[in-house]
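In the two complexes that follow, chain A is the common piece, with chain B as its partner first and chain C second.
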Partner chain A sequence: MKNSWEKLAKLDRRVIYFLLLLVVVVPIIFPFRLKPKAMPPVEKLFNHIDTIPDDKCLVISVDYTPDTEPELHPMAIALLRHAFAQRKKVGVLCISLLGLGLAQDALATVSEEFNSRAQTNADSIISGRDFVFWGWQTPPLVPILGMGENIAKVFPLDYYGNRTDTLPIMQKIKNYNDVAILVSIAGSAVPFWYITYAQTSFGVKIGAGSTAVQAADFYPYLNSGQVTGMMSGMKGGAEYEQLVEERLGVYGRRRATDAMSSQTAAHIWIMITIIIGNIGYFVMRRRKK
Partner chain B sequence: MKIRLPLILVLVTGIVGALPFIIPHGIAQSFDNEFRNSILRIIAAFSLVLGVGSIVRHHTYKIKWKRENWQYSWILLISLVITSIIGLFGGIEGTGALPTSVRGFSFDIQTIFVYMAIPLGATMFAMLSFFMASAAYRAFRARNFEATLLLIAAFIMMLGSVPLSSYIFPRLPGFAEWILTVPNTAAKRGMGFGIALGSLATSLKIILGIERGWLGGTK
Partner chain C sequence: MNVATNPWIWVSAILTLGIFSFLYKENPFYRVCEHLFVGISNGYSITFVWHRVLMPALIDPVAQGQRLWLIPIAIVGALYFTRFIPKVSWLVRIPIAIVMGYGAGASIPRAIDASIVQQVRATIITRSTFESVYNGIWAVVILVGVIATISYFFFSRERKGIFKPLSYTGIIFIMLGFGASFGYTVMARISLLIGRLTFLLRDWLGLIR
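Moving on to the complex of A and B:
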C-alpha cells in the first residue's frame, strides 16, 4: 500500500503525457460541442464592432505567429465574418512578419465563404472595395504612429502590389480618425504598443485578442477603458464565434468552438493529476509524521 | 571616439524620439514624422541584410568546422535559399514569374507557409502543454497557505476557462472573471507602476550615458 501512495505522488511523466495525448485526441475524433456563453469583454468587443458607423472601418492587426495559430486564428476569422456580414469596411495589417501568411489565409477563407454564397457583384467581398490588406511594415513604431497621420503614406502599396491611394476603400480611410476600432490579435506584446502609442496619442479605440496565458495582463487596460473589448484564448474565440452565429446567423466552420471539447478534457485531466498528486503527497506526509 | 560617438547618437536620438510626445509644434511633429518614416525604415532594411548575413555566416562556419548538429545547418541554408527564391520570384499564390505549380501540386510561398510553417510552429507550441501538465502535477502541492491559495485560484481559472463550468457551476465563469478583473488588476497595476518607473530611470541613465552596459561592457 505504501508503494501505491508513493507511486501516486510520483507518477511517471510518460503516463501523464500519454493520457494527456488521449484526452486531447479523442475529443477531436469524437467532438462534443459545448455552447459557450460570452463573457463581458467579448460582448463589449462584439457590440462595438456591431455598431461601427458607415463612414468608419474596422482594422485588424494580425500580430500572431504560426505557433499560436490554433488559439488565435479563429478570432481573426470570426472578426472578419462579423465585419463582412454587416458590410463593414476592413483594413488588415501585420506588425509581425509571420502574420502575413496567416492574415492572407484568414482573408481568403472568409471572403471565399461569402463569395460562394454571393448572387451578385454587390454581394461579393472584393479586395480593394470591401477590405484592404496593407501588409507588413517595420519597425513597429512606423505603422503604429504613422497610421495616425496618413495610412497610405505608411503603406504605399497593399499586399498584392496595388497602390493603396487608388483603391476605392482607401478614399474613406485616411488615418485613425476613420478607424472605429483597431483589434490587435497577438501572442506577444504588440497590443500593448498599440495602447501605448496609438490609443494614447490618437485616441483610437483598441481591441485585443490574446492567448489565454497572456490575458491577465490586459485586464488593467480593460478596466481603465484603454482596451474596449477583448477575446482571451480559445474560449474567447469560441465565444465570439457563438455571438456571430447566434446574432447574425452567419454560419461557417467554428474552429475555436470545436477545439473547446479537447481543451475542456485537457483541463479536467490536469486537475485530476493535481488532485492525485496532492492525495499521494498528504498520505505520505501523514505517514512520515 | 569609439565610445563617444555611440553615446552622442543615443543622447541625440533619445531626446529627439521623446520630444515630439511633449511638443505638439508642427516642426517637431514633421521632423518626428520624417525620422520615423524614412530614417527608421532605412535602418530596418539594413537590419535585414545584417540578419540574413549573420545567419548564413553562422551556419556556414558550423558546417565548415563540423560543429555539433552541423547537418541541420544544411537543412536551414537549403530551406532559406529555396523559400527566398520562391518568395521573391513566385508571387504570393503562384502569380509571379517563377512557375510554382506542377500538375496541380502547388509550392508557392503561401502554400509552403500554410502547410509547413503553421503546422510546424503549432506543433512546437503544443509540446508545451505536455510539459505544463507534468509541471502542474509536480508543482501544485498544497504545502502551505500560499500554495493552497494558488492551487484554488488555478482550479477556478482552469474550470472558468472552459464552457463546461457554466453547466456545472453557473456562477463560476463570473467568479473567474472577477479574479481577473479585481485582484489580478490590482496586482498588475502595482507591478506596472514599478516597471514603468524602473524603465524610465533606466532609459534616462542610458540616454545620459550613465548606464553603458549596452556598449558591450566597455569601461
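Moving on to the complex of A and C:
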C-alpha cells in the first residue's frame, strides 16, 4: 500500500492527460442525455429579451475570440435564435477584431436556419431589415461611448459595406435609448467596460455571457443589478439553449448541450483525482512523521 | 467514418494536433504552430486596421482634401514610431501622455461609480431587503462576507479582539471564493478541450454527427 501511494504521487502527468482525454472523448462519441435546468441569472436574461418592446432592439457585442469559441459561440447562436424567433430587431458589433468572423458565422448559421424554413419574404431573416451587423471599431471606448449618441456615426458602414444610415432597421435604432439590452459575450473584461462606461453614462441595461473562468467576477454586478442577466460558461449556454427550445420550440444544433455529457464526466473524473490526491498527500505526510 | 475533404479543415486539424503535442513535451511542431498563430493574428489585425480604419477614416478623406484637421492628429499618433529612433525616442511620451490623460479622465469617475458606489449600495441592507426571506438571508451573508474579507486585509492593526474572529471568517469567505473560481476554471478548460475534440471527431474525422 505504501508503494501504491508513492507511485501515485509520482505518476507521470501525461498518464493523467491521457485518462482525461478518454473521459472526455467517450461521452462525445456515446453521449448520455442531460436536460440542463436554467439558473436564475440565465432565466432573467431570457425573460428580459423575451419582453423587449417593438420599438427597442437587442444588441449583441461579440467580444470573444476563437480561443474561447467552444464556450461562448453557443451563447451567441442561442441569443440570435431567441431574437429571430420573436422577430426582435438585433444589432451586432465586435469590440474584438478576431470576433468578426465568429459573429459573421453565428449570424449566417442562424439566419440560414430560419430562412430554410421561411415561406415568404416576410418570414425570412434579412440583413438590414431584421438585423444589422455593424462590424468593428477601434479603440473600444469609441463605440462604447459613441453609441450613446449616434450609432450610425460610430459605424458609418456595416460589415458588408452598406451605409448604415440608409438601412431600414437603422431608422429605429439611433443610440442607446433604442436599445433594450446590450449583451456582451466575452472571454475578457469587455462587459465591465460596458458597465463602467455605457451603463454609468447612458443607463443602458447590460447582459453578460462570460467564460466560466470569469463568471465569479461578474456575480457582484449581478447582485447589484448592474448586470441584468448572465450566462456563465458552457453550462450557461446550454441552459439558454434549453430555454429557447423548451419555451419557443426553436430547434437547431445545441452545441453547448451536446457537450454537457463530456463536461459532467470530466468533472466527476477531476473530483475523483482531487480526492485521491488529497488522501495520498495526508497518508504520506503521516508516514513521514 | 466520413473524413473531411475540405483542405482548410485538414489544416485546422493538423494545427490543433500540433498545439496538443505540447502536452507530451515541447517540440518543433508545436513551435511552428504557435508562431504561425501569432504571425497570422498580427497580420490579420494590421491588414484589417489598414483597410477598414486608416483608409476610410484618415487616408481617403485627407487625399480628397477633406477633414484636413486629421493631419496634425495623425502626426501626433505617428510619434509612437519614434520609439525605434533612439535620438528622438522621447517624443513617444507625447501620444502616450494624451492617451493616458484621456483614459484616466474618462475612466476614473465612471469606475468609482460602477465598481465602488454601486457595489457599496448593493451591500447595504434596508428594510425592503427582507421583503423576501431568501433574499434577506443572502444579503446578510454578503454583508458579513464583505466586512470579514475587508477586515482580513486590514494590516495596520494586530489581529486581536474582534479582529481575530472577523479576519478568520474573512479567510473562509476568501477560500470559498477561490474554490468557486477553481471550479469554474476547470469547467472553462474542459469546455475548450471538448470544443477542439468535437471539431476533430465531427468535422475532421466524421466519427460523430
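In this text, the second predicted complex is superposed on the first by the 289 of 289 C-alpha atoms of A that agree within 3 Å, B and C clash if a C-alpha of one lies under 4 Å from a C-alpha of the other, contacts with A are read in each partner's own complex, and residues count from 1 in each chain.
As a convention for this text, contacts are C-beta pairs under 8 Å (C-beta built on N, C-alpha and C of every residue); 3 or more make two chains touch, one makes a residue touch a chain.
Note that the coordinates shown come from a computational prediction; the quantities given were computed from them, not determined experimentally.
Engineer: For A:A238, decide between first (touching chain B), second (touching chain C), both and neither.
Structural biologist: Touch partner of A:A238: chain B, not chain C.
Engineer: Have a look at where A:Q104 lands relative to chain B and chain C in the superposition and call it first, second, both or neither.
Structural biologist: In the superposition, A:Q104 contacts chain B only.
Engineer: Answer with first, second, both or neither: which of chain B and chain C does A:G135 touch in the superposed model?
Structural biologist: Touch partner of A:G135: chain C, not chain B.
Engineer: Does chain B (first) or chain C (second) touch A:L34, or do both, or does neither?
Structural biologist: A:L34 contacts chain B only, not chain C.
Engineer: Tell me the contact category for A:E149 with respect to chain B and chain C: first, second, both or neither.
Structural biologist: first
Engineer: Taking the superposition as given, does A:I195 touch the first partner, chain B, the second, chain C, both, or neither?
Structural biologist: second
Engineer: After the superposition on A, what does A:N278 contact: first (chain B), second (chain C), both or neither?
Structural biologist: first
Engineer: Touch check for A:T166: first (chain B), second (chain C), both, or neither?
Structural biologist: Neither partner.
Engineer: If you stack the two complexes on chain A, which partner ends up touching A:A212: first (chain B), second (chain C), both, or neither?
Structural biologist: Both chain B and chain C are touched by A:A212.
Engineer: Shared contact residues on chain A, chain B side and chain C side combined as an intersection?
Structural biologist: 17, 20-21, 24, 67-70, 98, 137-138, 141, 145, 201, 212, 215-216, 220, 223, 233, 235, 263, 266-267, 270.
Engineer: With touch defined as at the start, can you tell me which chain C residues reach chain A in the complex?
Structural biologist: Contacts found on chain C: 23-24, 41, 44-45, 48-49, 52-53, 56, 103, 106-107, 110-111, 113-115, 118-119, 121-122, 142, 177, 180-181, 184-188, 190-198, 201, 207-208.
Engineer: If we count contacts the way the header does, which residues on chain A are in touch with chain B in the complex?
Structural biologist: The contact residues of chain A facing chain B are 11, 13, 16-17, 20-21, 24, 34-37, 39-40, 65-70, 98, 101-102, 104-105, 137-139, 141-142, 145-146, 149, 153-154, 159-160, 201, 212, 215-217, 219-220, 222-223, 233, 235, 238, 260, 263-264, 266-271, 273-274, 276-278, 281-282.
Engineer: Looking at the complex, which residues from chain A come into contact with chain C?
Structural biologist: 14, 17, 20-21, 24-25, 28-29, 67-71, 97-98, 100, 135-138, 141, 145, 156-157, 192, 195-197, 199-201, 211-216, 220, 223-226, 232-235, 255, 258-259, 262-263, 266-267, 270
Engineer: Which residues, counting only chain B, touch chain A once they are in their complex?
Structural biologist: Against chain A, the touching part of chain B is residues 21, 33, 36-37, 40-41, 43-44, 92, 109-110, 113-114, 117-122, 124-126, 129-130, 132-134, 136-138, 140-142, 151, 154-155, 158-159, 161-164, 166-167, 173, 177, 180-181, 184-185, 188-189, 192.
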